[in-house]
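The following pair of complexes shares a single chain, subunit A, combined with subunit B in the former and subunit C in the latter.
Moving on to the complex of A and B:
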């Protein structure tokens, strides 16, 4: 009779990641979390029970072989661990920090039932940071030029992924970016205390060293149209994101001191406001800041306002359970002292004699009866209006794609909100030679989804350029994504 | 406003729906962006559906049954008016439509309350509820499309 295998006792103690204490970090813009020390990472990895049917992988948008990289950490074979991740994800230092793992891989971890789900995201970050500390980047060989030129519009995660994948397949790639720096939301949106700019710069520098050409301050649709670029390029990928902010359309939104989240965060991030007080902040010093909305963007704004010395509050129309922001970021915001006003709706803003916002009128809400979909929607409570003093309002309720490319490219099929319609598997649009992916297609979503879309589009573009119909899986090498990303294994390293 | 007969009242209602349909169709034609034109064409189609329903009543085939009061989410109450323009976007179109449906609801409610004839009162009440349902559909769409993070 076969000997019964001894069962390892379950370790449900999810290891904590050291962080700056709230009373310290609320006064600086340095990264909040420090990352796992090596021994803690290994302990955490050893908790994995190595399920036969790895449901974590099924719930990862780019299907990283999670058990394999976790095993490598447990074996202290970190080089192997990062190699495995990079087969599917070339920006792990970024995704390990900002991916909503609690809704993806960690949500379907078998240990979640006992509230001890493995910290997959933190281990991903650990490996990426470990690799960066090694300080050596292996530059891959670039194949001979195929004779094809590709233009990438937008230097966010979608565009960067396409550029990285295609240059490694021998095509010439040029990125056209409207701002003066590459990185998209990673540099102008997500604040330094969640994603240090240095990490994004590393990725961008690596791409440049691979030979990707970059034109910044170049607004496609204005400087040159897509059709004019098509005279020179064999294929175009549009990854221009969703940078058009929504306002609520209530009175007073045009007062001074009422910002969109985009404007507020861009001022901070691109104009070095996060180096306050070394750099003078490009935002007026406000005492009472109200941030409207409950998503990640709202949390970032509220926590930034706090760090600039303001009393900072989140005004959210629904209840805490419905907050769309990552739970971890809500907790961080609460610890730091952001005030949360749930079931509260701004009705209008009132200005002073100089046109600066000085008050906001709000109304309290309650959750109504469940509707056909079972959802309880907030309805106003009669007579609950109140007037609150504020000297700045940041509207963080969402974004749409900027209409510029859609309106200057005839024949490009658009969806209701002005998003470009593209095939989910290939990124092909209604126009030949034009692909699209990321937030410009889905509306505001996530970094990993934008990267995933970029990867699929790169495969399709490569197939097309090599004489296929865009539906193959990389016409000449047949190996699809993995070839490019294998070679891309140095992308997250320090380029010393 | 006074109607001599139920049929008069229904014809008035049909005219209102026709006006709305025509308004949305014209707006669709004016849009600079094809996807916005499609949106207004859909709005017009919805109004056509209403008109068909009222015609059914005239033909003795009432297709709507008494409805409980439709909850008002009041999504558009505090939003500023939007003037229709060729470069409107989806958010503005929805605000415009919510407000238009609210106005139609108010009109039918007023007519219902002012009717002495009970059949007419019931009919306008039904039409008001139809408009309220219509408005609620736009409110939910607005809520989901433009207030997900709010």
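Moving on to the complex of A and C:
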């Protein structure tokens, strides 16, 4: 098959995904991109040159067999395509939308050198949406119960991945979620216009149908401790995610109208504040909103503020080149009319007589020598202070890991910032039977990295539960998801 | 879903809610709170826990009907369900043998101090309670306290019981006890917490307050509950809710609590019909009444306050 392809001339025309026009979408919360129509998806898939050594797969945190699913799309065998993806990834509709593919699979696509890299993420999304649209969701076989129970703490991307992987290997899995909905950052953080909540619910329902038990409104560390859960469960995965939001510790940050990104986005997304008063949690429609930070979260906040009717600006202390946000999101924000103030640092906020922020004092910066991160360090320009009118500030500069588990689990080794220390390859913590992954280990990162950590932890947990030491490949054939041999291994050991 | 076992008005505008939440009931300690949603579209609001029954798996809270969520909550009846009851959240009260402790409660704080009083007595403290209200008919759980503590004192704004005036008159009660007080613990609205702390500052008595900022998740994620204590920003949901009352920036807390005052009013204006449905609502009184009133036609019928002496 590959030989035939080589003779074809290279098609470098990366197919565009239709989007809502900026002047329309800036006034609504509906999803920005519509996804590929079928024919365009097939055209795009046919551009793949089917490298023998698929470097895209090596660069995928969950090692999806990318060429295989692309080939299935090219052959119009969509059912096979989604089946291939789901062997490795139980949340394809989500990953197809929010993964930073340009830094992962698409970055190492052979066509990238000619600037025509394959739109792998868009094709993943296409298949997931195709499956949902045609209505019949293929359910995989579930092996006999291994007799083992696993508790997953936190129903975000890491926890959902662990749950999906382990239920397919015959373990019983229970997710404990602190909020009233599963999904973690997928439901409280990422806005509707980037990831419709219906899609998250769809993936969550899929896991429930597979038999994953769910306890929402359950705060591990408070409602029950990890040690108490260990009396019932053979292994625990902790993926409790983001914790206390960071502020800059400058004057005026506790004024009314100064929000953490977590608060701003939670009000909007989890609590559906944009539908107030139908939904009861209010969010203010400010006139001038300044979002501090340059990551994806900052873009989400700025674009949300815009949709609520504000003049919305991003305040970032470095320059455009250093923006950590995905290029696509920056581009979307610019198209919609978000104003970017680069090389700008907030110094303090000034409030009115009622304690509401009314002005911010900023300082202009210039780029100096590279710092530890390799990016050029922003240096203040003296005498460049300015006072700008604002009526809301959203601080999107990150957060520390959630403190509730670390402080209530004796013997669990924590890092300097309160993150749980876990082995990078296995997710094992300093305590037996406890694994961890996602933001609780790494600090604020991406959905797919959390899922990758969940995948590794699930492999290790499975190995441990089947009698291994959590490192070996004895019980794991390396495929990452259920196989006949896994299932049989499980069943054999627990014939009672 | 969490089944309501009892929900009734205990004194005008103040309601007692008992709900089945076995996981919370098993772990809850004095001073902790829960977060509830009253309906699927509802807000998440924190409520102090006033009592619990570990065996029956129930949690009891006393709340004031003051905003959209508490109005809705007050209309719910036994057998109905709450979509969310999560907890116990926040740190437990520091309970030790302090010596003599004075508890100061107003509004719902009268209820939420009760588990603290019980725990302090178990540790062998002498415990006195001062309860404060606008008028004597707004007191509840007096008999519960009388059976538990070493003395119950009253402050009413109209002088109908005990000392006439505000919580600021608590130094007179402290002086009248005839023994030094080692610790004061205050629970109630922000105004009550502030005035109580102001009153004890000059006396140099350690004063602990149970703060009540706006919260969403209650687990240290959203950061809306931040308060300034001793010049430092603290997150009340995971680092509180109890803090040193002499160190709290009260002005900031009061302002932050008012952030969504306007939004609280909008739904009350637009859903008047629904508000009247069960006919058990009372006018929002005091300062909140005034804040809620603009634009409303006056002359809404005011019911006589019902006196419910006995509470299960």
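Side notes on the structure shown:
Methods note: the second predicted complex is superposed on the first by the 446 of 496 C-alpha atoms of A that agree within 3 Å, B and C clash if a C-alpha of one lies under 4 Å from a C-alpha of the other, contacts with A are read in each partner's own complex, and residues count from 1 in each chain.
Simple rule for what comes next: contacts are C-beta pairs under 8 Å (C-beta built on N, C-alpha and C of every residue); 3 or more make two chains touch, one makes a residue touch a chain.
What you are looking at is a predicted structure, and each value in this text was computed from that prediction instead of being measured.
In the superposition on chain A, A:223 contacts subunit C only, with no contact to subunit B. In the superposition on chain A, A:178 makes contact with subunit C only, not with subunit B.
When the two complexes are overlaid on their common chain A, residue A:459 makes contact with neither subunit B nor subunit C. In the superposed pair of complexes, A:403 makes contact with subunit B and with subunit C alike.
Judged by the touch definition given at the top, the superposed model places A:266 against subunit C, while subunit B stays out of reach.
In the superposition on chain A, A:89 makes contact with neither subunit B nor subunit C. With both structures placed on the common chain, the touch criterion links A:355 to subunit C but leaves subunit B unconnected.
When both complexes are overlaid on chain A, the residue A:254 reaches subunit C alone and has no touch with subunit B. Legend: residue contacts after superposition of the two complexes on their common chain; A:377 is shown touching subunit B, with no touch to subunit C.
Comparing the two interfaces of subunit A, the one with subunit B and the one with subunit C have residues 249, 403 in common. For subunit A in complex with subunit C, the residues that touch the partner chain are 178-180, 188, 216-219, 222-224, 241-245, 247, 249, 253-257, 259-260, 262-263, 266-267, 270-272, 276-282, 284, 354-355, 399, 402-404.
By the touch rule above, subunit A contacts subunit B in their complex via residues 246, 248-251, 292-295, 297-298, 316-317, 324, 345, 347-348, 363, 368-369, 371, 377, 379-380, 396-398, 400, 403, 406-407, 413-418.
The residues of subunit B lying in touch with subunit A in their complex are 32-35, 39, 71-74, 77-80, 82, 89-92, 95, 140, 143, 145-150. Residues 23-24, 26-27, 37, 41-44, 68-69, 83-89, 216-217, 219-224, 226-228, 233, 235, 238, 249, 251-252, 255-256, 258-260, 263-264, 266-267, 270 of subunit C are the ones that touch subunit A when the two sit in their complex.
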